[in-house]
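Submitted below is the structure of interest, expressed as structure tokens.
By written order: A, B, C, D and E. Residues from 1 in each chain.
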Amino acid sequence: MYYQIREGFPKIDFKYLDPGILTLGVILLEELEACYNQFGFSDSTLMECRYNTQHIQGNFDSYHDYVFGIIFGLNKQHILKVQDKIAVYIKKNLLLIVIIEDTNNSFINKTKELMKRIKIENITLERLTFGFLERLISDEYLLLEQIETEISNHEDRINDRDLDKNFNSQITEIRKNLLLLDNYYQQLMDVGEELQENGADIFTEDNLNFFRVFTDRVFRLSNNTRMLQDYCVHVREAYHARLEYDLNKIMKLFTVVTTIFLPLTLIVGWYGMNFTAMPELTWKFGYLFVIVLSIIVAIICILFFRKKHFL
Amino acid sequence: MYYQIREGFPKIDFKYLDPGILTLGVILLEELEACYNQFGFSDSTLMECRYNTQHIQGNFDSYHDYVFGIIFGLNKQHILKVQDKIAVYIKKNLLLIVIIEDTNNSFINKTKELMKRIKIENITLERLTFGFLERLISDEYLLLEQIETEISNHEDRINDRDLDKNFNSQITEIRKNLLLLDNYYQQLMDVGEELQENGADIFTEDNLNFFRVFTDRVFRLSNNTRMLQDYCVHVREAYHARLEYDLNKIMKLFTVVTTIFLPLTLIVGWYGMNFTAMPELTWKFGYLFVIVLSIIVAIICILFFRKKHFL
Amino acid sequence: MYYQIREGFPKIDFKYLDPGILTLGVILLEELEACYNQFGFSDSTLMECRYNTQHIQGNFDSYHDYVFGIIFGLNKQHILKVQDKIAVYIKKNLLLIVIIEDTNNSFINKTKELMKRIKIENITLERLTFGFLERLISDEYLLLEQIETEISNHEDRINDRDLDKNFNSQITEIRKNLLLLDNYYQQLMDVGEELQENGADIFTEDNLNFFRVFTDRVFRLSNNTRMLQDYCVHVREAYHARLEYDLNKIMKLFTVVTTIFLPLTLIVGWYGMNFTAMPELTWKFGYLFVIVLSIIVAIICILFFRKKHFL
Amino acid sequence: MYYQIREGFPKIDFKYLDPGILTLGVILLEELEACYNQFGFSDSTLMECRYNTQHIQGNFDSYHDYVFGIIFGLNKQHILKVQDKIAVYIKKNLLLIVIIEDTNNSFINKTKELMKRIKIENITLERLTFGFLERLISDEYLLLEQIETEISNHEDRINDRDLDKNFNSQITEIRKNLLLLDNYYQQLMDVGEELQENGADIFTEDNLNFFRVFTDRVFRLSNNTRMLQDYCVHVREAYHARLEYDLNKIMKLFTVVTTIFLPLTLIVGWYGMNFTAMPELTWKFGYLFVIVLSIIVAIICILFFRKKHFL
Amino acid sequence: MYYQIREGFPKIDFKYLDPGILTLGVILLEELEACYNQFGFSDSTLMECRYNTQHIQGNFDSYHDYVFGIIFGLNKQHILKVQDKIAVYIKKNLLLIVIIEDTNNSFINKTKELMKRIKIENITLERLTFGFLERLISDEYLLLEQIETEISNHEDRINDRDLDKNFNSQITEIRKNLLLLDNYYQQLMDVGEELQENGADIFTEDNLNFFRVFTDRVFRLSNNTRMLQDYCVHVREAYHARLEYDLNKIMKLFTVVTTIFLPLTLIVGWYGMNFTAMPELTWKFGYLFVIVLSIIVAIICILFFRKKHFL
């Protein structure tokens, strides 16, 4: 569908497009195939739209009198697969969004949000494009904040008594997502930079700072993603150190227990021997002696480990 | 063999080459030696073709009126050795592929695929070259997806009961392959960038975006390879953490078992002593007392470790 | 409030601003909304001021006849959240600071400090701007020195007998703060570089070295932050090695204790057997023999471990 | 000695040098001191030749009408010390190699090899220089292949039963060598790039691709060195994981052994107690009962560890 | 003091400075404050001299007709604190060194060394400046060689029987020093590069290669520092692996000892039971049987661990 960006957003047919009126097109790949020639779009752009790859990293390029690019959406289940894919054509008075794949209508919804927010009085091609791009990242800071809270929760759990067995696979999951997010922002930064260069000469120089603002925002998102990646590494290293610290504590406890009981067991074994002539066995204070000896041995062991800071 | 890129793809001999008709040459190194002078190719290019190295990293360069370069194929058994090697000469109306080494005919097959896919109506030197390059990476996304699945399977196996002894050498193998793949893509990106620059001035400016599309695709491949490298590091670190977590669990179990049995063994050893005067031994409730004492000691130990979260 | 930078710093109202006299404005976001049009500031700058993000990474840009930028303050509790936010507009004879958010009045106080330090005789727009920026980093070296002392204290504690359980989470906390600080300095370096470029042509070329001095100082701060980050990594690795060294020591002690007592326990168990015919039991020197045997076994064990450097 | 590069390679004296005939000079530092003035070489170049440092990282620079540089050879015993050192002067029709230090005549031999391989019919200054440089790296691929085989052998040994005690110091040795090699190649790449720039304007533009070919080859060497460095890191990490895996296996075995014997030892200790009234001791089936009990306990332990996948 | 660089190095007073004669000034900060105006040095340079920071990272910049910069000396006790600080002004025929802080007179001594080495016959401003800078790094290679020997000694000690407890904190100390040294060289490289650019146009183009030589030397120092840093990482990792290897060896020994003695202890405990009817106890060959049984069990254990390569 093509919408003229004026009062009431009238829908018009491709055939009646007025190049003098700013228009927003949201069409399917099939519709593009029918009309890309009339718009003067290159063969190779259509080829890129059709090229059936499931991997992220879009790209924007300036052509003679239009800008063309692909934007991929995120699919958090698979690092290399992508959920959604759109193509974007921008030429004088036209922003054309080609929906190639759009599970759960995420791109369609962003387009609808865009149209609700348009202020017709001062709309320009640059504002319209910026508005669309800005919709794409509108929820990202919230997402990053959620991820930060998640990592921070993991960090707090390191000092809990019971380390969750899944701690580690959860951190790996988060790191995987951050890798993916970073890739997604790299893609959008390329988009912003390409538009800023205005290679197709379709934007007014004075309005290029809209794209600068967009690039800056995505850059900050990307930067925050990297900081979260580093934070993840810190948390993983802290988890590792906790495990090693615990192991030392366990082995100290174990050594103490064993070292106290081994000599006592030797003593009681000693007086369990069946030699016919063991004076202590028939000595009046023999039993008392072995009780006192055991207590002294136990106390010496405990004092030794106290000194060694094992207890 | 030389094929004129027109209806029927007629094979022609080197002597009857028509510089006005787009031609694809697929020849052996021996054939090149006989004819490189007539084409006006430099001595140093032939030297490069003959130079007998078994290591990856090709290079493309623009000369006066032609582009020359070497492309190496992958050999997954050895990081530094290469399986296949071709040279490519591109000049006006000629794409010349010199097969230098080609085990299992991989390059020859790619050339055949290329010829099947040519659409004669709109073929140009740029489209032909792009078509050839595009064949070289046609299976790479599939390969990367396989590798991702492989790494992901390894990740899932970390939480299995039985850690495979070969887990680690398998991950090392994958990382080695990714290093190799990344090198291979770096090589192809250099090719794409050299062609984009059009230093020999043999391409039409308008058609240069074919090479841009190629470079972009290889860049995305390389980027995905790096993401997979990072993913490998995460999985290896998770494996490491699993081992450490397990060790802690084992040592806790061990400490519990030992700490329960050591005092009990001391008690039974105690009443195995042969002192003539041990009142408990002849006491009416002596045996009952030692049974109760053992149960109490065992319960105290268990409660202690419960509190310490060892059980 | 607007202050004319001359004797007495007279406050004047926005309406009576004299573009011929150097003026410092410190206003709230609401006040900006009322007057940004008269100053000729762009819509998109106001939008940036209002844009409600809680994340660091400001940016400065040169517009037609003014410079605009956002500076975020630090919030050490949350990596991605920011405590304070100001906007800065610089045009001929005007430094306008817009306080957007300013918990505990940190920015307001820095502005007051600035005005106390102004020397009216040689003040220029460049000196005023430099003075303001220089206030922003005035306490940073002290902060870095505190952090260095803190890390150094942690390093010294590694060789203490008792490793603190919280050692690790404290180091993670410091590393988190350093990540944050580095981000903060990156932001300020961007500010300094933008001003140095003088894209809006509002500064005298001769005075640009004030901004060079500022950028250099922030660069050094950033450099020191990274050195401290590396120092943290070294300390963490040393802590890790200490834990492993200790574990080895513990296990050596444990092995020694066990290996001495196990054979002795076997010997005394041996002569605790109830066979009717055990010649040693009734032998005259039987008991003496077992005493001597035990001492010899113990000595052999100790000598063995001495040789193995376990003791 | 100076050799005119024509039939028979006539040696000539410095005094009879013909600037119109391509000449290769191979002289000692003392000889240079006598003649550098006549050649018009700068003071500072001689100073560099004499400067007595034992550390790698040469440098090439273009002067008014000549190129001057230092090349250091490798000394694998010490990272920072160098075995050999030559200076190279290149001017119109002259390649002058100054042997400053040359243990085991490695540089002298490379010069002799060079002269054997010269084809007089098409020799130029560029070919001569390239020939000399190419000699310097002629054995490097072989060396890298040897190192790769060495690392690969280490990797295979990780899965051997007996981990060599020296495994680790051997890997450290290899990594040290790779650091050194990388430095050596960086030096040669700088040489190639400086010659490619032709700053002294002594080479024909058409022949500059000889230096491009050289730089590309060294770049590939350097790249392979880095890949081997990464490979080393992977092998070291695999070795580390093997140690940890083994430790877990050992501790599992140990826990199983201890947990089976501890209850059995308790049981036999139990019936070794000397209480006057222990009904089991005189029970008809007492001995049979304790045999069966022991077998049951052992079986339960084994089944428990089977279920826990310890066996 | 100001010294005219001619026969006898006559000291002259500031007032009688002859701008036509090359002069070396070595003055204190107080003296600078009195005269910087007459030299035409900017306010901001004096401000930089006075700015009381204790942190490394100097900077050099070209002004209208002079070069100004700060150089910090090293203080190995504190990463962020600096021991010494000088300012350097260079203008036509004047090298002015301002001693701001100079514990143990290190800078003063370097200036004296410089004057001893001046050869008056061919002295120029460039040679004088180079001579001064070259003095600053004259002992650095020796220092790096000492550090390399130190690291190498640490590496050798890894294979010693007794790992020093302080091994780790010593390596951390070295790494801290290398971080510091690298920072110091970065600072000097900036100095060399600034002088090479000759932004103040006070040097003869022909003499700029003195600064190139200086920059190259410092670059090599920096490079060697980084190689030593990497070497440190290798040594630390080797130390870590040694600890883990030892732990495995200890645990193997321990497991062997325990596994041999536990069954033997069970056997002797078994025949220590007091059942009235234990046929073996009264059997003629009972004692012989238990001796043989014990030897067989011990041999089986030893053979088992031999096969498992624990012994």
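Quick notes on this structure:
Just so we're on the same page, a contact is a pair of C-beta atoms (placed from the backbone, for glycine too) under 8 Å apart; a residue touches a chain by one contact, two chains touch by 3 or more.
Here the structure is a predicted model, which means the values were calculated and not measured.
Between the CA-based centres of subunit D and subunit E the separation comes to 23 Å, rounded to the whole angstrom. Put simply, the C-alpha centre of subunit B and that of subunit C have 37 angstrom between them. Residue positions of subunit E touching 2 or more other chains: 240, 244, 247, 251, 254, 258, 265, 269, 272-274, 278. Because contacts link each chain to exactly two others and close back on themselves, their graph is best described as a ring. Starting at subunit C and stepping first to subunit E, the touching chains follow one another round the ring as C, E, D, B, A.
Within the complex formed with subunit D, the residues of subunit E that make contact are 141, 144-145, 148, 155, 158-159, 209-210, 212-213, 216, 219-220, 223-224, 227-228, 230-231, 234-235, 237-238, 240-242, 244-245, 247-248, 251-252, 254-255, 258-259, 262-263, 265-266, 269-270, 272-278, 309.
Across the complex, subunit B is touched by residues 42-44, 47-48, 53-57, 59, 61, 63, 78-81, 161-163, 165-166, 168-169, 171-172, 175-176, 179-180, 183, 236, 239-240, 243-244, 246-247, 250-251, 253-254, 257-258, 261, 264-265, 268-269, 271-274, 278, 280-282, 284, 286-287, 290 of subunit A.
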